[in-house]
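Take a look at the structures below.
The same subunit A turns up in both complexes below, where it pairs with subunit B and then with subunit C.
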Partner chain A sequence: MTFITKRQLAVTVAACLLAGAAQADTIRVGVIAPFSGPFAIWGQQFQQAIEVYQAEHGTEIGGHSIEFLYRDTGGVNPDQTRALAQELLIREGVDYLSGLVFTPNALAVAELATQSETPTVIMNAATSMITTQSDYFLRTGFTLWQVTVPMADWALAQGITTAVTAVTDYGPGIDAENAFRSAFEAGGGTVLDAIRMPIQTTDFAPFMQRVRDQAPAAVFGFLPAGPPTYAFTRAYNENGLREAGITFLGTGETDETTLEALGEPAMGLHTAYHYSAAHESEMNHAFTARLAEMFPGSVANLASVGAYDGAALIYHMVEVAGSDGPAAMQAAMGHAWESPRGPVSIDPATRHITQNVYIRMVDRDAEGRLINREIDTIEAVPDLGLSQ
Partner chain B sequence: MKMLRSFIPDTLLIALAVGAFFAFPYDLAFLTRIVIMMIFVLSIDLILGLGGIVTLGQAAMYGTGAYAAGLFAVHVSNDPLLGLLAGMAAGAVIALMSGLLLMRAGGLTLIMLSIAVAQVLAEIANRARDWTGGADGMRGIRMGPILGQWRFDFIGQTGYIYCVVVLFVVLFALKGLKASPLGLMARGIHESPARMRAIGAPVYQRRLILYTIGGAIAGIAGALAAQITQLVSLEVFSFTLSAEAVIMLILGGAGRLYGAILGVLIFMVVHHLAASVDPINWLFLIGLMVLLVVFFLPKGLLSLPPALQRLIGGAR
Partner chain C sequence: MTTLLSILVDGIAYGMILFMISVGLSVTMGLMRVINLAHGGFALIGGALAHALVTHGVNYWAGMGLAVLGTMLIALPMERGLYARIYRMGELQQVLATIGIAFMIIATVNYTLGSTLLPIPTPEGLRGSLDLGFRTLPYHRVAVIVAGLLVTLFLYLLIERTRFGIRLRAAVDHRATAATLGINTGRIFALTFMLGAGLAALGGILGAELLPIEAYYPLRYMVLFLVVVAVGGMGSITGSFVAALGLGTLDTASRYLAPEYGTIVFFVTMAVLLTLRPQGLLGKGRA
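This part shows the complex of A and B:
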């Protein structure tokens, strides 16, 4: 049996690319994300934000036109993610990869990105160590340490010295617990109890009772977005923690796409996060207005801003380096720009985005809608997870 | 003559596998996933189609095989074939251990218990973060060349050939098993356990053996997936995987081995094409296809030619 050698294939691919280049130089970007199943909202938010960016900035930059290709992973599925990335790289000849919501999916692409020297802009997957797995990984999302440590610091600054952590018992939950505890205790606070709640639980009353019995000044919660968060915030109110003066501290629990469903019980919850759709800046107003105009009923959230900035970063790399992977990575290092979330830059040490983290409180806007109102800003926070 | 005829589908399959290699040189990663899924669904065909053991937890053995092969590659040796053996052994051991209990049950109890086994294993893998990486997935799997000769390449040629060879070894082994006394006994047990018991067949023991062999094959499939993807996530134990595999089997036709192969091929190709054309609404098409097949061809796509023959014959 004769094998097609790598050289032969490379020649074929190069020939195809050159043939394409003669007419119009198109840079292709493969976006791998869930577009079906329970996590379909991620892919949808990504695609809408990218289309908003393209509507604002056109589909051409530096003499190249840019085309985005979308591929569906369903949920956590590293096998399929790797196969899709391979298909995008080999058959579709993409020059950039992007998307990637879940940590295992991002990790499955690491070796491919390195071997093919393809800059890969991770729009969400939030475990700190991901960017260490390939020199071609960049990230425009956030990490748990990045938002949790400022939450703990802010709490200490408000005179909160005792807290109980209540997290869902899975990887990210445990990371959040560790991040909060280390920052809180380093600042002189005391974590009275660390509660880990089973991932399938929807009845949080016993946990809330346990928190209340220990009478801390605050409870730090971390749960996957969705139904558990509703039940958790309801239990926080129904078990009288609010009346007892126990402050709720969180991170992504008050996501814009689920905030309205949380309703009145969400009022006054404190969270630390890198983006609020209610961020006061001209750029953010323009972004959210354009999104609502192009996709009625859509609201901007962390996925939208991750994808919008991912597109911005890819546009910048294409403008400077075209389809040259290593040069594009050079161009990305230290690149700073204005985003709907505020000023951001790529940290050359971690290839992760450095950004402001905002302390927010759930409130109602002029029209009576629930929003995350920013009440304090911690400026230019890098990823704090890798130094731990 | 009859002997020769029984080899026609196999020759056809081999031709198809070789043809696909040359016809779709850019899609080998996807084809490899299909081949691995075929091996997994074959393992279900053995226990469900042949032995009549209805479970929705075959992912327990698939996942165990995947983690075993991953751990083996990281801590012991990066030889793919040894890793495959490790995955196979791990799948067999889990099937034997859980089978001691499961094979005493039947019907709904068996289904529930089989799901529970997979869930328990998933939780163990989630807890043992130091070993498995928990929800982040197990990384650091780097495979050596096969037999010290063939390296896994970027395009996936080695991976595809490797998986296809394993598929045919499994398929021929299962064909042999089906024709053996054990296979015949399994068929008897499928049709009437009470009667088999009455003629003195050790029903429980035979079902346990069958389940263990099925577990070993599922372990092989899991090990291949771990070696090709070089990452294992908790999803290897997911209920969705078990359920989807059963759907593919029913789509193709249970109990005849080729049904498993046909079902996986049709399901995954339609899935792939539909999902790349319309990444948001493709599930609808899959649902429609499964509905139509189950409604009009309850014995699976493999029964399409005889059904057509009947239809044409009836029209005359």
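This part shows the complex of A and C:
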């Protein structure tokens, strides 16, 4: 009864071989982002940074090979995002989800991530509460509170005690206004006026005039990058706020992909942010050089570094836990590594990235290109939005 | 008092920008009666050409002239090939056809130049601000105000005082009769359409400091163009002028006095005006 036929042996060997093959399996990562439409640059920046990471680190880790699949949401589209995530999980059998530029899109994936125990690395969507919506959410981007509070603190340290806030009247704008006001007033500053500008605004002259009339030491602005920021920074100059010595304080307005277009009027603007393409470190130089070499004409921005670190985090989780979702989440908690933006780690309390926040001033580099020059560093800032 | 003066100054400056970006539409949609949702597309073509020329070292004014000319040349085959058919369509078909053209222009620019901002660097003379005593006014806005007045005058003379203008009005009012009388209506329409496209390009370039050129320009500002022409009244350049200045001042006033109401004031005014006068402020009220 117990003697083994040749055939049984062959089957056993084949089974062992198959199991071995399964060990060295392919881990698939689904990246959901806009690759077409007005926000296509996000998907493009994500994909390029991920490909740079793969060029540097190979496509195999811990005996697994990693494959990225890209899906296009077009823009803010929670329903489609959910459908794409479902398709990736069920039909493509992905083990990790990633990408996610907009808050509504990220929220649409929460339930699926939890049910399927799929670690989901959010590369951008920046509302603090997102990571509370699923235990499988991680984030390698930033939150508005994380960068705005250091901006307010820095302004106070420079002796700026009065400010006017001028934000676009939508979710993130109001978030930024609240973050700035609470930190600025807690530090003894006074917010003279809080202006909320309609999202359709094309002419910012009236608002700038109103700011100027109140003569604050600084104006804190928050607007979506692109045309509104372009018109806003021009209005700041043309209405004589710069001459009147009113310091411009902002966050992501001087994004590297639009900075050159902002041109001369952007010079000297102060912003607080987690990444500048001009960050002085060997790793960042290598990253930006490789990006420019592989994709001529591309510049690194927050999306690039969010995706690059997202890939780094996914590689780490795959190395430790393969396709085991809960184990991968364990591996991510407290994981610390060196990023092109500086030292970063995953805060086990929020599953959000803890990182340095830099105070930058727009300046020209040796070749005359506009850059965000880092002038001050606030180290290891966690997400500050959830404790509020 | 200062606020009142500021509202007036900013309102007129903003209104003139609104007029400049919509005057091309008041020619194609107002005069020629084609619902041209691709109007912003021609402004985008002009802006993109100017961006390419000026960033490659061409003088700003020369670049602007070449870009306007280039847009008119691009518009000609489009008029002959596409719009000549679109004129004869019903309103809904016109909407669908011209928005399709807008999407094609957007996709072309997006593919060739990308979806980031396409700035047109202003020359030294347009930077800085004019000191009005109680406040300052940027030079480029002064330039837009001057350009707006010149364009209004030019169009008035062209349409009311020249033989071309008479033929155009005849062709628009009754094409068949005009053709019977020996007017080459096809040529008149082609020239007028080119004029509209050229004005769109000019407005796009001059307004670019406020409404920067980028691939999605035609959709982003479509409502603005349409409101100005609709409130002004179809077929009336003066109407568009009055509407643009009025709406600009009103919108500016609401930004100074009640920003929390957003753009509601603008659109409520539009709705009320169009309810009271469906043909627009100075529209001729065609049956």
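Just so it is clear, the second predicted complex is superposed on the first by the 364 of 388 C-alpha atoms of A that agree within 3 Å, B and C clash if a C-alpha of one lies under 4 Å from a C-alpha of the other, contacts with A are read in each partner's own complex, and residues count from 1 in each chain.
Throughout what follows, contacts are C-beta pairs under 8 Å (C-beta built on N, C-alpha and C of every residue); 3 or more make two chains touch, one makes a residue touch a chain.
This is a predicted model, so every value here is computed, not measured.
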item: Subunit C versus subunit B on the shared subunit A, clash or fit after superposition; value: fit
item: Touching partner for A:Thr127 - first (subunit B), second (subunit C), both, neither; value: first
item: First (subunit B), second (subunit C), both or neither touched by A:Gly334; value: neither
item: Contacts of A:Pro172 with subunit B and subunit C, given as first, second, both or neither; value: first
item: Touching partner for A:Ala40 - first (subunit B), second (subunit C), both, neither; value: both
item: Subunit B versus subunit C as contact partner of A:Arg234, first or second or both or neither; value: second
item: Touched partner set for A:Phe207, first subunit B, second subunit C, both or neither; value: second
item: Touching partner for A:Ile90 - first (subunit B), second (subunit C), both, neither; value: first
item: Which of subunit B and subunit C A:Gly268 touches, first, second, both or neither; value: neither
item: Overlay on chain A, subunit C to subunit B nearest C-alpha distance, Å; value: 7
item: Touching both subunit B and subunit C, residues of subunit A; value: 40
item: For the subunit C and subunit A complex, residues of the former touching the latter; value: 2, 6-7, 10, 13-14, 17, 110, 114-119, 121, 127, 129, 135-136, 138, 209-212, 214-216, 220-221, 224, 251-252, 255-256, 259-260, 262-263
item: Subunit B residues within the subunit A interface of the complex; value: 18, 25-30, 32-33, 36, 126, 129, 134-137, 139, 153-157, 225, 228-235, 275-276, 279-280, 282-283
item: Contacting residues of subunit A [partner subunit C, same complex]; value: 38-41, 169, 195-203, 205-207, 209-210, 213, 226-227, 230-231, 234, 238-240, 257-258, 261-264
item: Residues on subunit A engaged by subunit B in the complex (per definition of touch); value: 1, 3-4, 6, 9, 35-37, 40, 43-44, 70-72, 75-80, 82-83, 86-87, 90-91, 103-104, 107-108, 110-112, 115-116, 127, 129, 133, 170-172, 174
